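Quick heads-up: structures coming right below.
Each of the next two complexes has subunit A plus one other chain: subunit B in the first, subunit C in the second.
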Partner chain A sequence: MTLAAYAESFEQFAAGLPPGQRAARREQLGRFLDAGFPTPRLEAWHYTDLSALGARRFSPVDPGGTAPAVEWLAETDRLLYLNGRLDRAQSTLPELHADDSSAAAADDSVAALNAAFSSGGLHLRLDRNQRLPRPLHVVAFGDTAAASPGMVHQRHRIELAENAEATVVFQFLGRSAGRLTTQVVEVSLAAGAKLTLYRLQNEHDGATLLTRIDTRLGRDSRLHAVTIDGGGGLVRHDFNMLLAEAGAEVELSGLYRPAPDAHIDNQTRIVHAAPHCRSRERFKGIVDAKARAIFVGKVIVQPGAQKTDSEQHVANLLLSRRAEVNAKPELEIYADDVKCAHGATVGQLDDSALEYLRSRGIAGAEARALLLRAFGAAILNRIAIPELRRSLALQLGLADEEEFEDAAAETLA
Partner chain B sequence: MLEVKGLHATVDGKEILKGLDLVVRAGEVHAIMGPNGSGKSTLSHVIAGREGYTASAGTVLFDGRDLLELEPEVRACEGIFLGFQYPVEIPGVSNLTLLKAALNARRKHRGLPEIEATDFLAWVRDRARLVKIDPKMLSRGVNEGFSGGEKKRNEILQMLILEPRLMILDETDSGLDIDALKIVADGINTLRSPERATILVTHYQRLLDYVRPDHVHVLAGGRIVRSGGPELALELEQKGYAWLEAA
Partner chain C sequence: MATQPQDIQELMRRREYSAGFVTSIESDTIAPGLSEDVIRLISARKQEPEWLLEFRLKAYRRWLKMEQPKWAQVHYPPIDYQAISYYSQPKSHKDGPKSLDEVDPKLLETYKKLGIPLKEQEMLAGVAMDVVFDSVSVATTFKKKLGEAGVIFCPISEAVHEHPDLVRKYLGSVVPFGDNFYAALNSAVFTDGSFVFIPKGVRCPMELSTYFRINERNTGQFERTLIIAEEGAYVSYLEGCTAPQRDENQLHAAVVELVTLDDAQIKYSTVQNWYPGDEEGRGGIYNFVTKRGDCRGRRSKISWTQVETGSAITWKYPSCILRGDDSVGEFYSVALTHHRQQADTGTKMIHVGKNTRSTIVSKGISAGHGQQSYRGLVRVLESAENARNHTQCDSLLIGDRCGAHTFPYTEVRNPSARLEHEATTSKIAEDQLYYCRTRGIAEEEAVSMIVNGFCKDVFKELPMEFAVEAGKLLAVSLEGAVG
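For the complex of A and B:
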């Protein structure tokens, strides 16, 4: 049985758990072992094949490791995880960490694997009308020995009570190859709550990253999420958004620029279960070399979800013949008084724009860089933390002249 | 400055220019007129180096140098500017970014350092005033959501900022109301100098009331069929092109 290494690792892992948790964890492991890693035979995993992971052996990660020399964001609180373990010294709000992960029965084998091995994570719970004063930066730093790459499974929970507000930034910084990381974020927004969530990854191009965000949105609540993929070898993101009560709103934006050999699969699923909800999705991809990018955008409008207002747009630049993009909207509409728009494009840089720039003296390579920057800026600009936006742009090779533009806007006003 | 000799050019395999000769000296303004389809725009694009416009025979010299072997961006850096008939919209790339990149490309070409941001902005603001463009529009994407007249004024603004030596304006006057036409003409006249030359490609005589040409040429069937002074433009306005084509 190819999953043997996981079963062995679990015994080692379970020994360190409080006895009360072991049975529940073992149950989750059982689910994972029964189902195995998803294969492309499952429709939801059509484009991403994880079966090779089954034969791999990941060492359970030892606590500790060295903190990265990174300049942290100013005016921001932080939880730093080194290989899945909280670094208290470098975290400004360590009390927000929780070890427990009493997950509900997982509905897919990756989620079960995550629940079985979870080392916990953020547990943010805001009371009614409470507002997180500063953005919270949750950094997952991964660096394990090349000879025995590790696996990290984390589970975060965000619960905002009525009219509470928060900004949470999840960022993956991976330094070593071969690792496996899974992350599940459970979000629950009560009436009128507002959450801004950024999920950013600059993983090692030899690493595997599997994430999932499950959100339930209550009446008139709002989720504004931006996801940026710069790195990673094999990456899969699942977004499950349930617009459960009237007036809820979700805005989900994404930008991916996979590494030359990388595979990035974004699967979004937005369920309109109540009337008068609004969803906006906008993804953009720059896919070059031998990279592969997938976007599947499912929107389900349930019976009775009248006055649904939904838009989904995905635009890809395919810059090499050997690169591949699959962009697929999937709409299931069971109500009749709704507005649902969608559009998916895969194309090249605009030749006429390139020509125009060249006619002004701007050489081909620079002209292309200008156009790519403009393409990405449409998503990057949705990140409301300027410092973060700038570092992401640099990371993605899309650094703009924002500083210059800002100065210019002031001077010319 | 510009010497075109026996130029034949094809677009999509079809021969449009069939042995065209033209000499433009520094300080001169040439108007090239002619009916639709006569090859006016093709001439502009061949000089600027647009892709798909291939010279199959003849020579084009700029300051004695073979222009046809240069990339379009090099021609621009050497001082050739083409004002487009249909300027392209480039959402997300601001006018300022384009202008700064274009100006610095020229400076680099001449071995000069990049321009200081404050100097650049002062220069741009000064020039924008000439064409009555609100400086705030400069922060918007290139021609993004601009009206036809705004796009043409924006072309002239770019020209004023980049200060080319040879300005080629491809039907910049078409579709403009009289106020916009005057602004465009002012822009051209501002740059007019003994060191610079201008080629106005136009279908109508109207622009020439505001920018007085030294030479007027009539292009028909891919060749210059007649050349003269400003009076030729007036004659064309009255008689149309038919009498020349018949000749």
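For the complex of A and C:
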């Protein structure tokens, strides 16, 4: 494995940095070069092999591409990143962007790569009792015009002070294959803060997308998160949640429907570090054609985290002979007065349900589509913005344009 | 934990010390250390054929290139493999206690609680056995009956000479010599173990037990077991016993291989209660075992049942390769960790054939500072049409310093497969305890009752005598866990 291309790219990239940042960035690069891209020899990367990326060459600066016509949500504030650069014309709150990327020591090589090359990102900071009036919609759009595909590394930060509230939507859209995107989001919620976070991904099915969200939850804070994967070629998402103080609560839902040749790896890690916290996790996957889907969910209950209440469930529909599903719901428990449960299933559409529909005159493809829609709706309905729900259902092939009605989705759930 | 390295050394020291007392007639112990010469020596002492020596050497060369695995959720100081003596002639009973009066009274008390007859107590404690008693023992009678049925049940070292074709055909065919670190070590240096062969169409007339092989009792460190059930055969095999046994080896790395041909069935039950170390975790056995069954034939079945309450560290994953169409794999397990015990155990079910089914029921109980993990893999290959699996793992926590962990891997490559996995972790419900206590049942007894109920699904898979003992064993093992 050669990482030479990354070292060279870095020299090109570092030339454009303010001199004060170069040393720190170089250190992160060193960390990445030492460790290299993770391979399945690491337990955390058991099912996803990134070593092939090592020999590839991505251009660090990617000026090309045309600003897309993004389907913005009606009542939102917006930030548009085109190939990692803020597009001021289309952003309503450009002042929320920060170039700085003073990252803490990265604990894995992908995070180190991200920190070395980061072009910054959203920095949302809400004061005590402050409420974001409208959802914030952050779109990352990838479109390479240059001959060699580019790479984009972004870092976003969200800090909510006591009792602050916000809704943030991160969306990835892409138009060109062969790109590499990494993204790290750091979230910190102070006591009583409430964050609704959506991570939606409909990248080009030849693109590589490595994302990670790290959250720290303070006393009685709430995180409501939904992550939806519809596109991408090689996708890995790490969702880390630390319930650091008593009374914190996480509700995490996810839906993945990989493209025919895609590989989607979702890893979640919920750490109950304090007593009286609650976590609910529910993932669903529809895996067809030659796709490969992975779900690894870890719940850790640390010593002393008594009265923990945790549930985790993953359900997969495996619809093709050449597709593959790997699921690993893990529990690590070091306290006794806890209620923890998890479940995992892999199966097909229910024959008796299909039979029932057939007896009502709905047969074949139509019946299957209906059941798939019901399956996906259980997750999509967790998204509180109806407009978004609708466009996601269309994107995922879980709705028909004309007949879609929210009411219908509601009944299907 | 920090005190353990000393213990190993001390144990090693003690071993060497006792070897120093052995008279010249009995100097059949090889000096500690492992090399090709040692393996040649072991093989020569046992007068093994050339192919077996080759097998051992291949395993040893592979082992040299392997690293001690670190992925399990257990912690222990590094093991010095050069400090172990890899061969000693089965010890005569001379160095054991002369009568039960010389045996640790604490041990005897445990025997009493388990309801073990006096003669058996002597056997277990390693008391020098009366030769007459031995020769007319039940074992001999059983052997005759087995012979009539055509069943072969003997030490594997004997089988190498008596039935070389069978051993050569099957040895290492389920667990290859380079399978994993400890299996490779075992393949290189194994000294003895059981060999069972049930011919076509025979239903073994009795439950076979290692317990009958009294004479080979002290061969436990690198044990090798091979069980073959031919077409339509059936055997139920019992390993271990509920009583704590006298044993001086700290590291145990056994290999068990099971093979079932068409319509054959093997039921393998284990009760393991080796020395778990004292309350602070000093001493105690390391139990690193590779157990695997190969359902080669159609409609064949392999069923593992285990009750693991002993050992300082348990590390075993009895597995089934469901190769034959319509074959069935089962795994029922109760693992209990108390004080400083650690257990990382579970199973692998590899579905290869069509219509293969597997069931996993794992019950873990953690008390004191005990840590335990269920680690399982269910893999459905492309060829395994209509595979089914149901997995249930439940953990019960007693006390706030223990831990219970679950690492279930599910890998599916066939769309007709149906898999379910469910797991729960909780403590003993207050209302259940309260109910028992209002009925005048003391807390400790109530806990033991509830734990037994929790394990019922597994106990009912055990042969009857074992099931009764297992219940008592849990109660004894949990002593002092509450209150």
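Here, the second predicted complex is superposed on the first by the 394 of 413 C-alpha atoms of A that agree within 3 Å, B and C clash if a C-alpha of one lies under 4 Å from a C-alpha of the other, contacts with A are read in each partner's own complex, and residues count from 1 in each chain.
Heads up, the rule we're going with is that a residue touches a chain if its C-beta (ideal position, glycine included) is under 8 Å from a C-beta of that chain, and two chains touch if they have at least 3 such contacts.
The model shown is predicted, which means the values in this text are computed figures rather than measured ones.
By the touch criterion defined above, A:377 reaches subunit B but does not reach subunit C. In the superposition on chain A, A:306 makes contact with subunit C only, while subunit B stays out of contact range.
By the document's definition of touching, of the two partners only subunit C reaches A:333; subunit B does not. In the superposed pair of complexes, A:355 makes contact with subunit B only, with no contact to subunit C.
Of the two partner chains, subunit B is the only one touched by A:366; subunit C is not.
The touching residues of subunit A, when paired with subunit C in their complex, are 43, 303-304, 306, 316, 318-321, 323-348.
Contact residues of subunit B toward subunit A in the complex are 48-51, 71-73, 76-77, 82, 84, 87-88, 90-94, 96-98, 100-102, 105-106, 109, 117-118, 121, 124-125, 135-136, 138-139, 141-142, 158, 162. Partner subunit B is touched in their complex by these residues of subunit A: 350-353, 355-364, 366-367, 370-371, 373-375, 377-378, 401, 404-405, 407-409, 411-413. For subunit C in complex with subunit A, the touching residues are 71, 73, 382, 395, 397-427.
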